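Same chain, two partners: chain A is paired with chain B first, then with chain C.
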Partner chain A sequence: MTHFIPRLYPTTKAWLVLGIILCSIFIPGYWFQYSIFLVALVLAMLSGVAKRYTSLFLKSIFIISLFIFIIQTFLVYHDHIIGSWYIFKVSSTGLQASLTMTSKIVAIGAILIWFFQVTQVKDIAAAMQNAGWNKKLIFVMLSTMQLIPQMTSMMNTIADAQRSRGVETEGNLITRMKSFVPMLGPVVLTSIEQNEERVLTLESRAFSNRQRPTLMVPVNKTKADYLLSWIIIIIMLGIFYWGVFK
Partner chain B sequence: MNPLIELNDVLYRYPLTRKSALRHIQFKVTSGMVMGIIGVNGSGKTTLCNVIRSFIPNFYQGDLQGTVTLKGKPLNQYSETELSQLVGYIFQNPFTQISGVKDTVAEEIGYGLENLGVSSKKIQKRVAKMIDLLNLSDIKDKNPFDLSGGQKQMVAIAAILAINPEIFIFDEPTSQLDPAGTTKIFKIIQQLKSQGKTVILVEHKLDLMMQYIDQLLVLDEQGQQIAWGKPEEILASFTENQTIALPTATRVYQRMAAQHLIPIATNKVPVTQDEIVQTIQNFQETR
Partner chain C sequence: MRKRKIGIRYDFNLLALLLIPIGVSLSVVGYQLSTVLKLPIFIDLIGTVMVSMIAGPWVGAATGILGNLVNGMLNPISIPFAFVSLCTALATGYLSRWKMYTNIVGIVIAGLLVDVVSATSSAVVSVLLFGGVTGTGTDFITAAFLATGQQIWTSVISTNLISGTINTIINMVLALLIIHNIPPRFLVKLNYGWNYIPKKLRRLEESLS
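Right after this comes the complex of A and B.
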């Protein structure tokens, strides 16, 4: 199972993500939405990424939700006060509003975190290429994904060089900023400068060919993908109908 | 027979510059030749390669005069795709020769063929062959960004070889390579020649280069063509104190001739180790 889910075709998993996002938006209340955290957790466990899923969730969605929850509940003015503590007043409408709002963020955030833990950008790009998306768009997506680690390593190189010349790069925020800001210039400029030659590299690799490109390592839908896609679509339609209209 | 590559009185000036980077470049290369280009830093070798691949004027503006034809057809009548299949160009700088969209060396090598719409089976076969040819099996699953300069250079060469063009331009292909890698590349150049490919080679390692080239183009520091022809013939007119460096064999020959240890030939000089040894042997026998 831990290999089955990551190897599924990206769109198969995307159907689930799309279904859950739509249901979370349109189904009233907050129980369905909050339960998605557990659904995604189970999925993450099945895919063998439970640890990363939980840590990413806690670091991002949980903190954002908590923040919104506190602001909404205690600081935004509402009627129907049900309790108070110094200047903080809790109202039933306020509580309701923050629960619905944060539950949607939790649901959408959780399922997206799961999706990107079990789907490689490379596979998404392959699926886009199979579906005939614009080649340049796919290129931009892929090269951005590659560029981030590359820029980070360039930053580290420059930081090392600065340190060896006696520039303070560690310490409090201000010292760090002082060494970080001058780094941006060379990093950005080098990237721009290298772009020109990179264009020529791509030309040498026949990038501007109009013909539809192929893939050396093909990514294809399997029978399981077709079957699962339909099962997911039907279940999600069922949940949607039951949750919204019943 | 039509020459494969023909340049006629080519002159080029980069945009926003006053001085021309290339002047009066004029030569014909027939199919199956290995052509060398030498000159000091900044003499226009890379610029000339860019002209032959039509990156000048397609990507670099500026003022280009004269004509360049491939197979008798002016360069501007070729499409970019046709050119990428006809002329394989390995750049001087290995660091920008990574496509940036592939996360394994193997896929990086196959990228050109993907763009050309070749089937995945054929790409995999071709890539496996290139990995074998260039001894890249240790790094085939690595991210191209994480390679050393020399490894990147090898991958770039493999990526171009995979496309299997008719003409190869190597702009200082061995600048980042160790002796083993350098030997490998020269072996490949020889193989390409035996397959009937045409090779244009810019290289500072003169002694090695001389063993492989049929024709030599010499640029002076102004980007002017000062000699073109068979290396053993054109180098006869150069002496050591001129701006271009000479191969060791030629220098030894000139020194010995100056000391009257061997007779002076004015039309032909030895340019490789083998040739200088042969020259000395011949002379010993006639004595």
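Right after this comes the complex of A and C.
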């Protein structure tokens, strides 16, 4: 099971994400939305990424939800004050507003964190290519994901080199600010030099050709994907119908 | 000066297209560097600003949006803030097209305009979707404004202007410093690079053609 979910076709998982996003936007109330956190947690456990999922969730979504509660409930002026302490006034309207707002953020954020933890970007790119998306868009996406770690390591090399020739990276604020350009400048200039070579390479390999390229890592839909896609779509339509119209 | 066709249909040539990953990584690296150097500001816009200046508003906008999506894989909160990157990139790109970044007066005016644009668009996203919260330390300033009885919109926009002005200006100045170090033979191939080539070389090119 741990390998089953990450190996599913990306579109299958995307259907689930899309369904949950639409349902949590349109279904009134907040119980359904908050329960998505648990659903995504169970899914993360099944895919073997529960630890990372929880830590990412706490670091981003939980903190922002907490802030929203504090600001909306205590500080924004609303009617129906149910209690007050010093300058803080607790209002039921504000509480209601923050419940609706945070519940949606929790639902959408949770399912998105899960999705990106179990789906690799190269699989998404392959799926997009199979679906006939723009080739240039896919290339830019993939090459961004490759370039970020490359540039980070290049920055570390350059930082070491600059430090060894005497650029100060510690000290007061102005000293640290001054070291910014000698650190970042060479990174940019090197990448730009490489950029021209990359253009030549791509052109010599017929990148601008309109033909569909052959995939190095083919990603194929299995029977389980078709079955699961339909199950997910039907369940989501059902939840949507029951939640919105009943 | 020879006339180049510019606009959304012509801007996405291969050279500009390959600048997008560089811009995104530059923003990420800039952010890492500002945490390594323990700076009180975040240099997380520098890639978007640089690409918008030399490759035009639309390529810059693509850089900004992609950058937010990449961050969004780990922190989904940053996905809606792609709107802010879009607005900042478009403003910077059009100001660059109108040659605002070539003289000191233009740079000051452009800095203020971009600052207002980014502060307002950020307030729109954060008030409408997150009730005025961004999940960072600046929320305490917003809270302080609200505690004095201000409305939510005024509080959030003032917070953004206070915390964002220095940030925007430093990002812009750093981007300009880096652009002035880019070799002219690269700038001349880009649709919007002409204004950043030293005057002497521009005259030479004009006299030759």
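Everything below uses one rule, namely that the second predicted complex is superposed on the first by the 231 of 246 C-alpha atoms of A that agree within 3 Å, B and C clash if a C-alpha of one lies under 4 Å from a C-alpha of the other, contacts with A are read in each partner's own complex, and residues count from 1 in each chain.
As a convention for this text, contacts are C-beta pairs under 8 Å (C-beta built on N, C-alpha and C of every residue); 3 or more make two chains touch, one makes a residue touch a chain.
Note that the structure is a prediction, hence the values are computed from the model and not measured.
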Under the superposition described at the top, does placing chain B and chain C together on chain A give a clash or a fit? fit
Is A:118 contacted by the first partner chain B, the second partner chain C, both or neither? neither
Of the partners chain B and chain C, which touch A:179 in the superposed model: first, second, both, neither? second
Is A:147 contacted by the first partner chain B, the second partner chain C, both or neither? both
Touched partner set for A:8, first chain B, second chain C, both or neither: neither
Given the superposition on chain A, what is the angle at the CA centre of chain A with arms to the CA centres of chain B and chain C, as a multiple of 10 degrees? 70
Contact-wise, after the overlay, does A:20 reach chain B, chain C, both or neither (first, second, both, neither)? neither
Just chain B (first), just chain C (second), both, or neither: which does A:199 touch? both
In the overlaid three-chain picture, which partner chain does A:44 touch, first (chain B) or second (chain C), both, or neither? neither
Based on the superposed arrangement, let me know which partner A:218 touches: chain B (first), chain C (second), both, or neither? first
Of the two partners chain B and chain C, which one touches more residues belonging to chain A? C
Partner chain(s) touched by A:64 [first = chain B, second = chain C, both, neither]: second
Taking the superposition as given, tell me the minimum C-alpha spacing from chain B to chain C, whole angstrom. 7
Output the chain A positions appearing in both contact lists, the one against chain B and the one against chain C. 139, 143, 146-147, 150, 196, 198-199, 202-203, 207-208
Looking at the complex, which residues from chain A come into contact with chain B? 122, 125, 139, 142-143, 146-147, 149-150, 153, 194, 196-218
Could you please specify the touching residues of chain C with respect to chain A in the complex? 12, 14-15, 17-22, 24-26, 28-30, 32-34, 36-40, 43, 46, 50, 62, 66, 70, 72-77, 79, 129-135, 139, 142-143, 146-147, 149, 151-152, 174, 177-178, 181-183, 186
Flag every residue of chain A that touches chain C in the complex, lowest number first. 56, 59-61, 63-64, 67-68, 70-72, 75-77, 87, 97-98, 101, 105, 108-109, 112-113, 116, 121, 136, 139-141, 143-148, 150-152, 155, 159, 169, 173, 176-177, 179-181, 183-185, 187-189, 191-192, 195-196, 198-199, 202-203, 207-208
Considering the complex alone, what residue numbers of chain B touch chain A? 53, 55, 59, 80-81, 84-85, 88-89, 91, 93, 95-101, 103, 106-107, 110-120, 123-124, 127, 145, 156, 159-160, 163
